[in-house]
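Please go over the structures that come below.
Shared chain: subunit A. Partners: subunit B in the first complex, subunit C in the second.
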Partner chain A sequence: MRTIQPSAESTILLLRELVSHLRENRTQLREEWARRITEAQLLTAMTKEEIFAEATSVYDNYVEVLETGSVEALQAYARNLSERIIPRGVETHEVLGIVLLLRDVLARSLFKKYQADFDLLNRVLDAYEPAANRIANTVGVGFVQERERIIRQQQEAIRELSTPVLQVRERLLILPMIGVIDSQRARQLTEQVLRGIRTNRAKVVVMDITGVPAIDSNVANHLVQTVDASRLMGATVIVTGLSPEIAQTLVTIGVDLSKMNTVGDLQGGIEEAERLLGYKVQAEQISG
Partner chain B sequence: MEVPILKQGDYLIASIQAALSDEDLLKLRDELADRVGRFRSRGVIVDVTVVDVMDSFASRTLRTTAHMLRLRGAETVIVGIQPEVAFAMVQLGLTLEGVTTMLDLEEGLTFLDQQKKRRAKRAK
Partner chain C sequence: MKTATEVQVSIRSDTDIVIARQQARSFAAQLGFSGTDLTIIATAVSEMARNIVIYAGNGEITIEAAQDGAQKGICVIARDRGPGISDVARAMEDGYSTVGSLGLGLPGTKRLVDEFHVVSKVGEGTTVTIKKWRR
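Right, the complex of A and B next:
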């Protein structure tokens, strides 16, 4: 077993030799790699030509990292690649799979070339392995980071979409709340309601929770706080659409709802709000 | 810092200009109670638009002020509580129970005018 680490200088020399070997056999190794990718049924979302084009870029970047030792260009490329292929449904295991395949293809070609000189082969692999690991790591991390960035972005988008504050009449806002409400969203909702009251000069706010499947005591308390805070700003809150389950939960956990103005459904809530604001809705007589 | 109190017809308007100390608040309370009697005012508006911190002493004093003034014959409205302040207050359990609160000065005046009309109607 070899325990002596090769000196830095000899590593550089070996890597240089490696790079020239990879450059010489670029066409053949690249084809071999693309073939293995298809065989392993990776990147099925992409066409053969696309795979080959990407394979070429990855290959060149790969060789460049081995030559320069700097992963920055590869990082940028990996990010760019991820940006392009994530929307097409490429999975993490596929990306890691192809990088590991390339690693394997190249290692095999090194075995073939140096099999006569076992000692040299060992030293070549010593130089190659850490660099190859680093590359696999860089590409994998780049891909996962890009995915996480997209997930964060989407969460943000969902959060913004999920709680619109709409003005339906002069001084009347409605808030159709949909989906699960956690503490963070509840807090955000409160802020939005209060800001909405100020900017729209609202007198009445109808909060409709028909689309909320469940509520816990934290969120219920938050609801009560929202009602109180709105009152401090001179607005009345009407809560509508409490499902039987939610009503039961609220009663069971003993939330004090005496201060809360609740109406069965959104229509009733809007009618009540119109009454508070002094509106009278009247159907027009249609003649003929 | 003294709070200017303006007389506007039947109403008094106290517009807080800066953060108030506890003594300032008590002084405001006494001053309002005194003037409501002197001017025979029917309504008082306390504008707290610029206040960015409302602690328990301040909100308790405002509440007792409102109750005192009601006993002296004037309806009190607190106006201009900012969203952040309102949220902080309810988290501390300070809900100004029994006190009328309105969005801003204009709303406060509208509310007092409506009260006046209602009283006039009842008197008829």
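Right, the complex of A and C next:
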């Protein structure tokens, strides 16, 4: 333990020296960095002024991490930066690219400063490299996490949007289903239908699957279960819009759909539902 | 556009099932399949991919063109290194399932396609190969 102590202390001293070097040469190094970003054709979605402004913030954050050893402020900044640049189409490789460029620019300036003393240069790099790598890591991970967060959010939104439960008449619900149904969506759908039946005191649910491109045995199983569970809650489910291709495929696989109440199209389904509920829709006689 | 000679999809989750299904459909369309056959192929691949997710956790699906004399078609291979099937004959029976599903995955897939082979070894994994010829 005792042997490590002085080296840790000298690391702190070296980092302090490093920080003052980076502060003194801030203007020149920052410009060098911005120039190399443009040269490498990174951040092409941003203007020169914007790149310089972000470069300044990243540079100052960078120096701060070297000084304090804490990446918290940088993490917050990286998140904020990602939020701003992701909608503009900045890619992961660009973000990693600019941080690695900064690491290189700063390392070069250290080579230059300490070229006369190889031993000291080595010790300075020993202090600099782990900190620099940690910074590159923080910014890269921050960017990717923000991207993942956005993707998750959009997935949630799509899921929410994809199966609205609509009330057409007293006790009659319609579910227009569109797009690919995986098991998760199928499960969610069952829940939504059952909840819809409860809150709307529905007697008939028309489930339209015209917009569903494929149904395999697992999804069919979920549909059958939804129909069964709805029946337990006192509601009849009418499935409409089964395409000829899907109908043929399901029969070939051997899914038992005899318990399912199916009607060719949505219009027929609604008419059947109205009949079940005792509604009579009549065209008004228009005179004159 | 040049037709890719082979498409591989690694299967780990529900999302991959959807991807495999879509890839199979577009590959089959490129090979000249149409209408009901596209849905049948997509559904068969869906069943195969679903079996991988449920029983093995992960594996891969390979989709390629098939030819036998004058016959042209599509070949799909589903491979996993899962627990394997101890009784293949039993697994091919309708309604037989060890996980409480409909038990239609393998027998249903077999009915959908023209050629169907299962090779499975307990502890080593399962390979299901299907072929569907263009009519």
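Couple of notes before you dig in:
Everything below uses one rule, namely that the second predicted complex is superposed on the first by the 280 of 288 C-alpha atoms of A that agree within 3 Å, B and C clash if a C-alpha of one lies under 4 Å from a C-alpha of the other, contacts with A are read in each partner's own complex, and residues count from 1 in each chain.
We take it that a residue touches a chain if its C-beta (ideal position, glycine included) is under 8 Å from a C-beta of that chain, and two chains touch if they have at least 3 such contacts.
Here the structure is a predicted model, which means the values were calculated and not measured.
In the superposed model, A:234 makes contact with subunit B only, not with subunit C.
In the superposition on chain A, A:194 makes contact with subunit B only, while subunit C stays out of contact range.
By the touch criterion defined above, A:254 reaches subunit C but does not reach subunit B. With both complexes placed on chain A, subunit A has more residues touched by C than by the other of subunit B and subunit C. Shared-chain residue A:225: touches subunit B; no touch with subunit C. Once chain A of one complex is fitted onto chain A of the other, the partner contacts of A:180 are limited to subunit C, with no touch recorded for subunit B.
In the superposition on chain A, no subunit A position is in contact with subunit B in one complex as well as with subunit C in the other. Against subunit A, in their complex, subunit C makes its touches with residues 14-15, 17-18, 21, 25, 35-36, 38-40, 42-43, 46-47, 50, 94, 101-102, 104-105, 107-109, 111-112. Residues of subunit B that touch subunit A in their complex: 78-79, 81-87, 89-91, 95-96, 101-104, 107.
Contact residues on subunit A toward subunit B in their complex (touch as defined above): 190-191, 194-195, 197-198, 201, 203, 225, 228-235. Residue ranges on subunit A touching subunit C, taken from their complex, read 180, 182-184, 213-218, 220-221, 243-246, 248-249, 252-255.
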